[in-house]
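After the structure tokens below, expect a handful of questions from me.
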Amino acid sequence: MSGDWAGGAGGAGGRLLEVRDLHVQIPTRRGTVRAVDGVSLEVAGGEALGLVGESGSGKSMTLRAILGVLPSEAKVTAGQILLDGVDLVPLSSSDLNKIRGPKMSMIFQEPMSALNPVMRVGQQIAEGPRVHLGYSRARAAERALELMRRVGIPDPERRFRAYPHEFSGGMRQRVMIAIALSCDPEFILCDEPTTALDVTIQDQILRLLARLCAESGVSLIFVTHDLPVVAQLCQRVAVMYGGQLVETGDVRDVLLEPRHPYTLGLVRSAPDIEEVRESLVPIPGSPPSLVSPPSGCRFHPRCAFAEEDCTVLPTPLRELAGRPRARSTACLHYERCEDAAGAGRAVP
Amino acid sequence: MTAGAGTGPLLSAEDIAVYFPVGSQLAAAVRHQPRMLHAVDGVDLDLAKGEALALVGESGSGKSTLALTLAGLRGADRGQIKLDGRVLRANRSRADQRRIQMVFQDPYSSLNPRLTVGGMLAELLKVHHIVPRGEVTAYSAELLRLVGLGEDALRAQPRQFSGGQRQRVAIARALALRPDILVADEPVSALDVSVQATILNLLRDLRAELGLTLLLISHNLAVVRHLCDRVAVMYLGRIVEIGPAAALFANPRHPYTRGLLAAIPRLTVAPDQAEKEAEEGPAVAGDMPSALRIPAGCRFRTRCPIAQDICATQDPALLHDPADPARQAACHFAFGTAPLVPAAAPAAAAAPDGPDGPDVPRQRQPGQRQTGPGLRKE
Amino acid sequence: MSAISMPEPALAAQAEQHAQPRQARRWYRQPALAAGLILLGLIVLAAIAAPLITPYNPIKQNLTASLLSPSAHHWLGTDQTGRDTFARLLYGLRTDLRIAFIAVLLPFCIGVILGSISGYFGGWVDTVLMRLVDIVVAFPFYVLIIALVFVLGPGQRSIYIAITLVGWVSYARIIRGEILVAKRQDYVLAARSGGLSPVRIIGRHLLPNVISQAIIYAMSDIVQDILAIVTLGYFGLGVPPPTPDLGSMINDGQNFLTTHWQLTTFPGLAVVLVGLALSLIGDGLADIIRPGTT
């Protein structure tokens, strides 16, 4: 079902977070939704991994499973989530609470609903260090001020006493980042943190995240549907479709030379600011049902390259040979993408 | 259909302003001066027949409010709108209303959940006597075919459709009245990436097929570039730059346009350039000021990397480029009269992100961002 | 997880997919609604079929047979003027249900119209109407009804007028609130963009989406009206005698509460049953036609 894909970018921290053959299922009236179906990932220290997919691809569910904040109906039915070799799946919520904060934290799409509206911003940032690191009130406040400076909130002494509604959307997201950083986590899980922001503010936040990664060696898992955002921030990318990974590898390799027809479709369907094309190439058909997914490759009903074997053979991720860095695809006929991509992107 | 008044613009807006009162009306009455949010603050805009014009800008720039005003769905506090050179009344006649139709952002709220698709099309066709009663169903089916939906969609209710299909229905509804101008407010931003492409292709095909004049409102410059001939950039209720799309993207004149373009994440960035960029500050620093407290002088100066003393006192007018009359920009230094390189900008200190912070604004030279084909693929 | 799909072929599949939850919401799958409808059905049937069920005339007095205990002839005995209690109960239900259903219609219509105007147009119309609503709401419902009927004089006409004058405010408030929310939806803008008149937009586009709340409220309002009618009857302000009415029956019977309890208990029980049935229907309807089930 799953294929391991070895080796992160080879950061100094080595392997840190490892997801092995993760399955998340949600029972519904119409049957069991297999939201995540055999996903294996690795994130090395200091690395930013982009997890890309459309709505319903299971990218957010994967992220939530890692942090242990799945919706109450959803259950991890198989697989391991290893943080420094410790499996998080069987842990109780109180044990998980000790890990959330000091080890992992999360940034959400909509900071206004993730922040407590009636609590001063400074106190919300200071809460983590007080609870998890045992800081005194004064020391935690000092820490909060330092974090606010670090994430670029102007005039932190005055803003410390403000409430979330007094902040703009971009500033709120900076507050969320300060909270996420407050206990010096090794991992920050980002769930579409810039989708609700304007492009200039998105640019500010992406730069901030990139700088924080470089400075503190924190690793990111960045979930988004926006390929160019991944290209700007992440070193590695994993593309999800129908609850499974279809392609992984170095971000520029994957986005410039896709070796899975779905990735190719995503790249070719989005308009590009650099290049005006006569018409965009949409992906035909509709996403697969997660209750009764197509047999074989889940993308085959929408795939222009599909063959007989695509409808029957399982399609685990396989490593591509002859690549300097780890690069995997789930496509049985990935060579065809090469020709198609060459034809589509033939720019003088 | 009314004949166009010679070579004049099909639609022209003159000095349009839209204000919203905010806060307690009682307090405003006591102070004799209501607090007004200047959503649109003096906009002149011409739309030529058959062209596709984009209104771009961040949220709060007033682009959607302007679109609603042009479509006759919101009154203006100042200014007038002309169609074929004829001033439109604030309360448009049904015949005038018909000629400008809108497609909205959220296809989930823009279709009445209690009406079938056929029902909503038939209503419009009958009220406006577009076709004889006997041909209403056939014409409705024809409209649906035009947007790529089957005839069975006539009897379906909106909830039976996906987001992309709903947007097709919304486009069919707008086209039902045979409008001259289609105003599309963020028509794809609520849709998934792979579905966006189908709607963008559809809009492009319809434009070619029906000779529609398109006004596209979008924050996504890539979408704009794909669809439009001309672009107007809005900031805090004003147009700060307007010009042909290709020229404006290649060589932006206004510092805000430059920042906006530089802020877009790109799929194809060469590694060395990416590293260089990571060192730099953000494309545009700080937040857009509130439309309740618009800065004196140039309204962009609080975030502008090249702001000078004059910017704090004089509001720059939207002037024509002496070299290219098709282009206009509202910046004191737009056409090379003064430094494009940041001086010790006095106004930058007033920006929310001071220079002591990490986000020191930077300015790219025009054309710097033009990644050549060589960078695309090695 | 939201579905994203492409044109044509997906449509049929989508439609099928959505047919399922709708079926699950059919009325008979709703125990509360089903029970309420069956109960109300039986009561209404009994009231309509009163002449077939009982041979007695509810008005004709028979002083030789006054205050009889329940027997095979008189199932619930007779009152002090010798009228059959069961017959009066059925005919009383007939009167009261008829008045209640008619009395709820007028305030419903007036309230919905005024509430729509208030919510859609806003401005000074809204201010004036809502201040009027505030004034009416400031008085307790029953007190105001009783006072109004007292001024207007007893009788059906007075009951209709009083209930209409007081009852419309609730509908107006509900509809105004719903319209305020619904008119922000883009489909209303789209309808305006289509050059449709305000009357058409309110009637065809807004009301179908918001009226369900008013209908649900109407169910509990009928209960309130029946209680008001019975209360008026009890105070002698309702339907003038000798027309049978549950309120006047309860009043007449209370002098004999210790010796002939059935004279007051059964009319009271009938009121409770009608109220229960309507409440069940209201709850069930609220579950089914709650708007925004897209």
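Order of writing sets the labels: A, B and C. Residues in every chain begin at 1.
FYI, a contact is a pair of C-beta atoms (placed from the backbone, for glycine too) under 8 Å apart; a residue touches a chain by one contact, two chains touch by 3 or more.
Since we're looking at a predicted model, the values are computed, not measured.
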Two chains sharing the most contacts, counting C-beta pairs only: A-B
Most central chain, Cα average position: B
Farthest chain (mean CA position) relative to chain A: C
Centre distance in Å when chain B and chain C are each reduced to the mean of their C-alpha atoms: 51
Inter-chain centre distance, chain A versus chain B - centres from mean C-alpha coordinates, in Å: 31
Averaged-CA centre spacing for the pair chain C and chain A, given as whole angstrom: 54
Residues of chain C touching at least two other chains: 2-6, 10
Sequence positions of chain B contacting 2 or more other chains: 162, 192, 194-195, 198
Sequence positions of chain A contacting 2 or more other chains: 54-55, 282, 286
Chain B-touching residues of chain A, taken from the complex the two chains share: 54-55, 149, 152, 154, 168, 170-171, 198-204, 206-208, 210-211, 214, 225-229, 231-233, 252, 255-257, 265-267, 269-274, 276-277, 279-283, 286, 345, 347-348
For the chain C and chain B complex, residues of the former touching the latter: 2-8, 10-12, 14-15, 18, 185-187, 189-196, 200, 204-205, 208-209, 291-292, 294
In the complex with chain A, residue positions of chain B that touch it: 58-59, 162, 192-198, 200-201, 204, 219-223, 225-226, 249, 259-269, 271, 274, 278, 281-285, 287-288, 352-354, 357-359, 371, 373, 376-377
List of chain B residues in touch with chain C within their complex: 68, 71-73, 92, 94, 97-98, 100-102, 104-106, 108-115, 123-124, 127-128, 148-150, 152-153, 156, 158-165, 168, 170, 173-174, 177, 191-192, 194-195, 198
